[in-house]
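Both of the next two complexes hold chain A, though its partner changes from chain B to chain C.
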Partner chain A sequence: MHTLSFSLTLEGVVRIHDGVLCLAKFSEVVSLEARKDKLILTALNSSKSAYASFSLDKTVFFEKYNFNASQAKSQQSTEDTGARFTCQLYNKALLSVFKGRLGDVRDKDTAVERCECNIQDQPDKTECRLIVKMLCRHGVTKTYKLTYESVEVMHALFNKSAAKNTWTIGASTLRSFAEYFGTKTEQLDISSEGGRATFTSYTEKIMNGRDVLKQPLQTSITVDSLDFEDFKVEDQLHIGISVKDFKAIVTHAETLKASITALYSFPTRPMQLSYHEHGMQCEFTLMTIGDYRGNSVTPAPAAVRQGSAAPAERATSRQSTVQTAVQPKTTTMPPPSQSLSRSFTREPQSQRTQRPSPPPPKASLDPQSLFLPADEDDDRIWGERIYDNEQDTLGWDASANNDPILGGRRSDQESSSRLPPYPAWQEDPNSRIAPTQKIAEIRGLFGD
Partner chain B sequence: MRFKASIRNIHTFTRLTASLSLLGKDVWLQLNNEQLRFTVVPEQGSQVWAVLAIDTIFETYTIQSAVENNTINLRIPLASLHRALRSALTASSASIRLTKKDNIPLLSLTIITNNLNSSRPPTSITTTTLNSDNAPFPVDDAYNNNESLGDPNPGFFPHDRETTITQDIPVMVLAAATVASIHEPQCPQPDVHIMLPSLLQLKAISERFTKLALSTSTSATNRGRASDALSSQSRLTLSANAHGVLRIGVETPSLKIESRWEGLTNPELDPEQVEGGEEGVRGHASTRMKEREGDEAWSVVRVEGRDWGRVLGVGRLGGRVIACFCHEHALILYVYLSGDDTESVLTYYIASYSA
Partner chain C sequence: MASANDNADNAAPLFTAVSGSARQLFQLLRCINFVSKSHVQITKEGLRFTTEESQVMQGIAFLDKALFTAYTYSPPAHEDTEDFEPAPFQISLSSLLETLQILGINESKDRWSNRDSNYNGINGFSSRGGPTGAFDNRILGMNGICRLSYAAAGEPLCIILEETGVTTTCNLVTYEPEFQEEIPLQKDAIAQKIIMRASWLHDAINELSSTSPTRLTIVSSPTAPYFTLSSSGPLGSATVEFSKDPQLLETFQVPRRTVNTYKYSLIKGASRAMAIASKVSIRNDEQGVLSLQFMIEVEGGGFSFVDFRFVPFIPEEGEGEEESEVGEAERFE
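Showing the complex of A and B:
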């Protein structure tokens, strides 16, 4: 008897993949929490300033879902939250299991049709594993066994009642905004004034001389509040989050074609971004930066800058009420204390966690194709060729079905159909020199 | 010091910055009353000296400075400029101006778009009905289209819903004395002028040759050597004669390949452009070259394959390209923009390596 077993359709597998990919932007581990009615995947970043959670609904998201509460020997089975099973896995491990399924969708022969997962959690058995079975066409089954670490899972709390600022907008719109942001910018400031909302991506660095030119692009996007589905935000309130988190969220939300709702109170307090689609409740709690001026007419940035005493006190008291009132069984995410003293305008860079940005996408141009369609105006054609990163060089075509001149490394029909015909070669396939050497030897001769 | 202009041809501008950014990090842009000069002089590799008519890119162009001819010299990071311009590709209008923020000079690009995908019906809209007499904007076609899409708000102008994107590019203002020391390279009289074939073809073939040269020589020299070693291994030999033939070849210890184009045009020199008029043309190196035969008829240059590939990125501008061969010395490319009958021309200087 399994502690937890569930099965997914192909669609669910793709959704899990997209979700795990998004969680990878926050942390290298994924926390998994199973409950009677849902499965929750979460990630908390190392500086505890960003938290992501995907809550997958038992009936909508899964084909079958069975959580055996009595099997869950977990210590947390208490009266109010119900039985839980929690564990932690490496994101990479999960991603490598759920990755590649996307590619298979195109290749109908080995496409995944269903996925069955179960968790064996018995202390008396040697195998405590998450077992994922990918059931493919033609009766092929791929089984993966992942080890997990049994840990207590932390969840961020968010006090919705205090968050009086809210807006909702289509993810694709926000995604298009993110396209405009400079590649190395770090902060995103969101503000509104006179019925227009502004998203500004910037990097706070003081530079002189020639370094000025290394300062990344500062981008402001001003959009009418009517482009939002809902927009209730205090005028002239500035609130800052990380561009990287923002990009990760909107990229994922766009895969679900969802509308994102933001909820926040004031800077230095968490902001929640959420969307719900296809039985997937996605919530992100992000710490914010900025000067809070409140509702009072006189701005009081000095109070925030000088010492964190007043706001900290306010924050802690609020935090404690939340803790006791809402969910006594979950651990709260403490806000990073230094963020309270952060000022919007002069933020010491050393306090920011430096997280590496994802590598730039590689050019997908077929390097073997000699002639290209003339109408394409594209960096893939006119940009610089990066010779160092190219995987393939001279190869030997042993398959004997492809165009003999240009080699058979091309697998897709598309690119070969682009090539102009070589009638002389194609008419007489025997004129080709037969491969008399092993492929391995050829590679050795020409490098790899 | 003031500079302000609206961008007339965003595609040309973007393709220009894309081509330039392959060669160097920063561009020196000189603006004045008459023309725009974009110059990229990298520490290593080929240089570009581009002169563009103002109309090629801008309209409603305002420039003002204390220097003669209202000249402004700017040093602009190409990556930022290019990225900023790319965000204007779908814009309904875009303008650029020189400004200052926190004492840092900026080129601020303001982009206005109307094509936000607002497919959902607006829900909580407060309708502002405007008296048509007082309407600030004429009811144009765009407005009618908006209505036909089922916008439930009569009197609601599409202008109200535009999205504004501003991209601030940090720049450096260069003093006249600083730029006075930058000189365009001097070359001897070219031996051969030839119109290049399609750069798309040329680039694809050059890159294949470069790759072959790199991959064969890296395995030969136990791979992973310093980059200067690489540059000597990926040299392409370009040669042309006065009879419409261009050759491009690569030679490594293990292979030798050459591609050959025939029937290309050798443009005639215009006596009015040559020093000394008719007499000057008669004595010009390229005229003498026409009479030579055999190996002597070829003007040869050796270029570094990757640098050459970057130069050929200019093909995206889609213009005519005339290559001028200075035997064993340099290759000069004149790139004329397509569909542009102004004086705009990009000049590439590519130094030849010795054999």
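Showing the complex of A and C:
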């Protein structure tokens, strides 16, 4: 009896390939997490500023899926529902196994018909192998035994309740925009003004003495918000992500012909891009950059960030527990006369330097801003799974299931200090679940 | 009228041949282009090109005289015995291939047509700088007429290519041969013989490359699994297994189980042939010497054969991957 075994049709193989190809843009390793009802493939980039996850549904995505929880040793995560199997393997290995099989159908007689995978981790056999069997026509069988590393998997947390800005648009539309972005541009600034959204890809000029290391380049695409399926974004808000990540995401989303939904609060807080199609729930959590820290070229101290950021967030998260309920008041308004800074400058305690915010936000020049602040924020944004702590399971479930109640959890309270990893959970008055509650009961709430 | 001197110069060369399609020759010779030097043996039946790598791999492309529109082999009269064959010589295969495609076998119509006609008049052809006419050589399928000649031992191999009025003459220096013997395949002790489509073998070999292997193990057995190719590398292992389906393995003569290991990169060296061949015959003798014989359909009809031979690793008890580089020469018998 294998810990995990599943089988895929050719279509599934191609989808896995597309997914793995997309994950390859983020990291050279893929983390795999098997649960009772789904298989999750994730990648976290080396600077931990971008996280991608594909959650494959047991019944929709797979032809057969069997996760034998009792076999899943390792994970201390106690009994039943919480049981999972996690491991990590090289993207390159997966990619070569699931490589473009679609072409096979057309040109080759030995096209893949079915794919069977299982995890071999019995102590009496060779351990730590992911066995992939491609069953092809005419009785050709291709078997791969890929070595994996049994590790704990990190998942990014995303606070949906705080993300009051959201838009949804067809991936193919977005993809067609991405084609105009210069190949050498690095940052993508997304802004909205007067009911129009602007996507600006840019590279800033970098000089070293008199040498120009990078030529500036900027491409802007402005879209009417009517082209979006849904558009609720605070006016004048600029938020920046990496062009490379953006391209990887829309390219993949296009293969699924999905509609991408973006969720974000404000710069330097994560942005989530997600879409769901064919039993594949795809979520990307990207760190954003922006100019709210003003012209300072050195990373602002954490205290400044918290002083300005947290109150704004708290205000919204108290208003509502459902992320989409917050209606940005400025979407339908004409552009405010010449309010040059973004709307959350209304926060009195803001310590930001006020400055105009043209795309691209120049203040983001600081390369450090791409990365997560290495201090307090780390623990709250990129929660590492600690398996003797049940709460992180919940943290993941919250985002995976889009549960509004859990979504109401606020991870941004400034009172939450860095340890333990999920202090926000414990201190969250909105939470209806005490931190010590058994996981089984929590599961019941979700009805799964 | 000719003086004695002229006579000597114009004495019938040892060998001349004309081929209507340089592309055919190019296709076949490219299959064995895994090293730069090739041995050439001229015989009555055709030209035999042999390349060798580290004495453990040999590729043999035989250009049958049927491939040529004219083929003259005239051994010197005083040596005109039945089995006389001139000493083989060695040439640079890469140069030969370059020569054969010098006029753009891979297509390049405009390469010449737009030029001034200086180049076109050389061979007495009226220059036809304009667009392709109805009698263009390309349309008539006469592109790349290729003449080969070899005057005598020690002389260069002369190749004259004509295309659209452009003539290229190329003299390839011939060298003393470096090796003599073929890797012996004991034809009377064949342990197994499998014939299958070459594209399937190609597919399987490519499939295994995912593990970046150093070795390839070929197992054939009269019981399931019948025929497997496997390899392993740092990322894991891969196995391709063929069933005995007659649609898959056209011929399957395996009286007993054999296991042989070869150097993967060498087998991969034959992949050009695998890609273009229609069928492959996989044979092993008792010692494990592997013969891959590819049947290649040349353009314009007909079949040609390209052979490869590989010397196996000596099976050792519990030998590990790290020993894969152990002197290959000593395995050569």
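The working rule: the second predicted complex is superposed on the first by the 272 of 448 C-alpha atoms of A that agree within 3 Å, B and C clash if a C-alpha of one lies under 4 Å from a C-alpha of the other, contacts with A are read in each partner's own complex, and residues count from 1 in each chain.
To be clear about the criterion, contacts are C-beta pairs under 8 Å (C-beta built on N, C-alpha and C of every residue); 3 or more make two chains touch, one makes a residue touch a chain.
Quick caveat, the model's predicted, so the values are computed rather than measured.
Once chain A of one complex is fitted onto chain A of the other, the partner contacts of A:A93 are limited to chain C, with no touch recorded for chain B.
Touch criterion met: A:T141 reaches chain C, while chain B stays clear of it. Set against each other, chain B and chain C touch different numbers of residues in chain A, with B touching more. After overlaying the two complexes on the shared chain, residue contacts for A:R129 are found with chain C alone; chain B is out of touch. Look at A:T166: by the touch rule set out above, it reaches neither chain B nor chain C. Once both structures are placed on chain A, no chain A residue is touched by chain B and, in the other complex, by chain C.
Note for the complex: chain A touches chain C at residues 90, 92-93, 96-97, 99, 108-110, 129-130, 138-147.
For chain C in complex with chain A, the touching residues are 197, 199-200, 203-204, 207, 209-211, 225, 232, 235-245, 247-248. Of all residues in chain A, those touching chain B in their complex are 170, 172-173, 176, 179-180, 182-183, 210, 212-224, 226-227, 229-231, 367, 369-372, 374, 377, 379, 381-385, 387, 390, 393-394, 444-447. Those residues of chain B that touch chain A in the complex are listed here as 15, 18-19, 22, 26, 75-77, 80, 83-84, 87, 104, 116-120, 122-125, 160-172, 198, 200-201, 203-205, 207-208, 210-212, 214-216, 218-219, 223, 306, 309-310, 312-316.
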